[in-house]
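Got a structure for you, written out below as structure tokens; questions coming shortly.
Chain nomenclature is as follows: A, B, C and D, assigned in order of appearance, with residue numbering initiated at 1 for each chain independently.
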Amino acid sequence: MKFDQPKYLPGGDHFILVQFGDDASIDLNFMALGLTAALKEDATKGVVDTNPSYNSLIVEYESDDISYADLKIELARLISGLGSVEDLELESRLAYLPAMYLDPWTRDCVADYSEKIAPRDYDPDFVAEVNGFEDAKQLARIHSGTEHWVVAVCSTPGLPLMRALDPRCAITSPKYNPPRTWTTLGAIGVGGLSSSIYTTPGPGGYNLIGRTPVPLWDPQQRLPVFKDRVVLLDAADRVKFVPIGEEEFEYIEARVADGSYEFNITAYQRFSVGAYKKWVASLNQDGRF
Amino acid sequence: MTMPMIEVLKPGLETCVQDYPGRKGAFGMGFPPSGPVDHWSFRLANILVGNAPGDAALECQFIGPALKFKAPAVIALCGGDMAAKLGGAPVPLWQSIAAEAGQVLELGSALTGARTYLAIAGSIDTPPFLGSRSTFVLGDCGGLNGAPLEVGGEIPVGEGQGVPGRKIKQSCRPAVSENHRWQIEVCAGPNDDWIDAAGQQRFLKSEWKLSPKSNRVGFRLEGPEWTFTEKATNKAPENGSDPSNTIDHGYPIGAINLCGQTPIILLHDTLTLGGFINPFTVPSSAFWKLGQSRPGDIYDFELVSVDEAQARKRAINAMCSEDSIEQA
Amino acid sequence: MALNIDVIKAGLETSVQDFPGRYGFWEQGFPPSGPFDMWSFRLANILVGNAPEAAGLECQFMGPTLKFSDDCVIAFTGAEMNATLDGETFPMWESVAVAAGQTLACGFASVGARAYLAVSGGIEVPQVLGARATFHMAGVGGLEGHALKDGQSIAVNGGAGVPGRKVKQDCRPKIANGKQWQIEVVQGPNDDWIAEEGIERFLESEWKLQARSNRTGYRLEGPEWIFADKASSKGPEHGEHPSNILDHGYPVGSINLCGQTPIILVNDAPSAGGFINPFTVPSAAFWKLAQSKPNDIYRFNRVSVEEAQEMRRGIDGLCVEDSIE
Amino acid sequence: MIYDEPKFLPGGDRFIEMELGDELNFDLNFLVHSLSAKIREAEIAGLIELLPNMASIVISYDPDLISFADLKSEILSHYRNMGSLEDMELLSPIYYIPVLYCDHVTRACWEDYCAKITEKEYDSDILVKLNDLDGYAQLARIHSGTEYWVAALGFYPGLASLIALDPRCRLTAPKYNPPRTWTAKGTIGYGGSVTCVYPANTPGGYQMIGHTPVPVCDIEQSLPAFKQDLALLRPGDRVRFFPVGREEYDYIESRVTAGDYVHNVAHYAKFSIRAYHEWLGTLDMKERF
């Protein structure tokens, strides 16, 4: 539920959590990202950093520059300036990321977990089943059928937390319990309401359904796209997965390895929340890719 | 002009380059701030050698490194006592001293506290990453190639003129606990309303033992059970099934993150976001205590207001200045 | 009361049309379609008491043979197709009562080329994109998207028509067999691509209507065109030939110059393309195009936009109840 | 160039051709469609419909309701109030269309042409050679590596002229000479620097590089996407092609045949000219996908 007034919750002496509501309605994330953009635009004195999530935005501040009470006033001012959620328009790049669904590498990762930690079915079969899809291929079709909204970039560097913008492509699935101890780098996972891409080979709990050959962050800033940035995606960007086969995967992998891979990202669109809501309302919810 | 170097003979236990306040402005890209846990001692060490308080220096944890100076240097050690020796002779803490070219500084295990900070005049000059030299080991970035010191590694140092013989006044140093008990300030929130009154009281009145499964990512605490409010047990399924689950949200640094029944204090290398509640937050003024405590130590939490926490932080900041210096 | 018309013989591309045709979908590539000779078409509807817009049949060169399932009132206008009703000569430009079971048989057009049949109540085929007009190239509108076929049945809305109504002689288009037509043209939109002497030559020459002409376009045969400098010195995206231009929309009636061949784009024409349109035939002259036959000779008579609009108002003024006696 | 003063050229008694410039230029085309949207919004009495194209708009009007001169001055005033091109934004849906490149359908069409009309080189080979590409895989990668702008619609119902928004993906191709007498519906054609999807079995002159089972025009209105309209695309929309394999192609074709294929469209992004220009500035023109 969206709160009538956002809640301001203190997080110690230099954080404040602004919560717009208490559920996972995507509108709340739009508000959080709208506020992120407004803070940036406003260059509010004392604001150090921000970190958005599903329904909230955490703001780090320097209490020597702004008091907690004044920060709340500033935040309230910016939030009221956002207007209604329908009025929001957000800068939003669209990244086309190649994805090999049902790939051999994440299949091995699931098999390894199954052998060493707890037996489980192949993740895409499992996710397809809990979502009532025909098979794993339809899972791939549905997952690649929507633009995914980057709710936040978080947890580990460059890791995008994403949600399907087309409600007909929403996939929900329980996470691993216990979690994996390692995950294939570049694995595309789904868990809860979200999708993500593993940017480090660390532990993880999402179900693995595919893999991308492209890096989502590059501390060495080796590839051209990372010339001015370390992390590929920002919150409010969108990702569309382009299904590829093994041959194309290897081609892209080789270009990533030799440093010549050219990312396919467009940056000439603004995301209109009002238009989005109209579009969602116009969809036949029974239609499925 | 050759850059003065320090050679790593023994790396110690996860000894890392850090700077203060660490990596800011990259939270939204998934980067926690990193930086020194006990940033009070850290800044004092820098001030002693004439650096800016936030300049890059080394954080030594539990077991310190052995380092060989390739050029003369002015250094200072602050924080936990690791029985440091320079060229075999004991080195005092809280004081700037001169090291000769070729001399070896050797640190042992921490006798008091847990973290010792080594500042070098001119400061460590590794390439900054996203505006900071702090090492973020999980993210493989910052510091020396994104990793703790390694045997044979070389630490580049900038040009700097330090003055030996400067000391931190006794009253301006953090008082490292001798009895392994710590009074840690906490602020309520952001998610205190998920814990019932009894649960909040229990948290504040109980002893909490620091688990060995603690590091710069998080400090795990052992203690009594938590009890929850209606809000935590009666919620929409997207929050998750455990009472401590919520819809993913950003984590403040210092948050006491309740993972099932286990509270974990989120430190400088934490995950930036996740799906557990944070009923309390340790303010930055108490971080030096976290930095100097060791597994098995006992924490008592003391509830303070945000205003009070900010006042304490200002008091510590005030001590991280030239005013805290006296001549030896 | 509804009735059916059974198609005994379809004739040559006989199709359902309504006036003014399909508007609002041009941008998606749908031309207006609709009756070619809009004057005769509207008069037929008025005769049987329909609104001028109601759907009727356009018969081309050779009309159909139709059997009526029920009593109704019909009218036949436009070209003389020597129609008979149960063998009796059927009068043109007049509303006539038809009894259930009677058959109307048409022949070849002896004067003019297109005849229009209106039935009281109007033909009731489903509207596609807001019109009943047939656009057979895309299979849209009319009877299943195409011209009539033998054995089909056409649904008609019941309607009370009055027989014995006639269109006054001076309110009818002057369809003749002279094989010579004066066709009005308005200069533009791309007249500046043609040299002055090319414009003069177009206006002074005789143009023969080719056999390869239909509701999409009328091909003309005549002298060479002479282009202005503009047509040869232009950006490469326009195309090589002097008649090539960057793709643009085509007004209905435009004289589209495809190489050296002018094609008058009529009701079912493509909506856009990459050739210039130096002249445009205004709507007031469309009845002449519709009623002319291959090998007929056109001479073009330049008029201004205002004159063309005045002529159009003149025809509209005749497509009314006052024209009936 | 874009004219300082647009030209109003008469097209008989009921049409005006408004020419805004005389070149194939994205900005000019954007101006054409923005102005068209403005004119439509104004609901000028007597204005029947608009036919915007590459650089011009043909305006259909009822001379009994508005005179040439009045219509011209009204449209001119809208044109003058357009503001700067840089500030313009247009809500632009994007359609995702699967393509089987170098497919069996167009190959058969080419073979038929060679047998019956005249021998010619295989279309994709022509494009590969002429554009200096590595092979069919790169042809597919480049053709599917950009969003296309629907610059115009017309000639045939539902036939859209598509121009690549990423200039690095602009290919060139000659046209068939003489033209084909038939082209399979769904053929992906390339002629000049324009690509298209053939909406029906029609004659054609573009080189054929692939085939989609997804219709872009459906006079039967059997698929849900055509419930309202027969043609899928409108000027100002965007199209992105997705390479698929034969198996996925067959699957999609079966869904189209069954009448339950769901077209993949996202309709919530505003295309911003300024952002587009900025984005163009960031591209490394030497790079190719």
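Assorted remarks:
Going forward, a contact is a pair of C-beta atoms (placed from the backbone, for glycine too) under 8 Å apart; a residue touches a chain by one contact, two chains touch by 3 or more.
Every value quoted in this text rests on a predicted model; they were computed, and no experiment measured them.
Think of each touching pair as a link: the shortest run of links from chain B to chain C has 3 of them.
The chains in contact with chain A and with chain B alike: there are none.
Interface comparison, A-D versus C-D: the pair with the greater number of contacting C-beta pairs is C-D.
Centroids of chain C and chain D (each the mean of its C-alpha atoms) stand 30 Å apart.
Per-chain CA centroids place chain B at a distance of 59 Å from chain D. Interchain contacts link the chains end to end along an open line, per the touch definition above. Listed by label, the pairs of touching chains are A-B, A-D, C-D. Against chain C, the residues of chain D that register as touching in their complex are 9-17, 19, 22-24, 48-58, 60, 63-64, 67-68, 152-159, 161, 192-193, 199-200, 217, 219, 229-231, 234-235.
Considering their complex, residues 24-31, 129-130, 136, 138-141, 146, 187-191, 235-236, 238, 240, 247-255, 271-275, 278, 281-285, 306-307, 309-310, 312-314, 317 of chain B touch chain A.
Considering their complex, residues 89, 91-92, 94, 96, 137, 141, 145-147, 165-166, 168, 224, 240, 242-245, 247-248, 251, 260, 262, 264, 266-273, 275-276, 278-279, 282, 284, 287-289 of chain A touch chain D. On the side of chain D, the complex with chain A involves touching residues 89, 91-93, 96, 137, 141, 144-145, 147, 165-166, 224, 240, 242-245, 248, 251, 260, 262, 264, 266-272, 275-276, 278-279, 282, 284, 287-289. Here chain A touches chain B in the complex through residues 9-15, 17, 19, 22-24, 36, 48-58, 60, 63-64, 67-68, 151-159, 161, 192-194, 199-200, 202, 217, 219, 230-231, 234-235, going by the rule given at the top.
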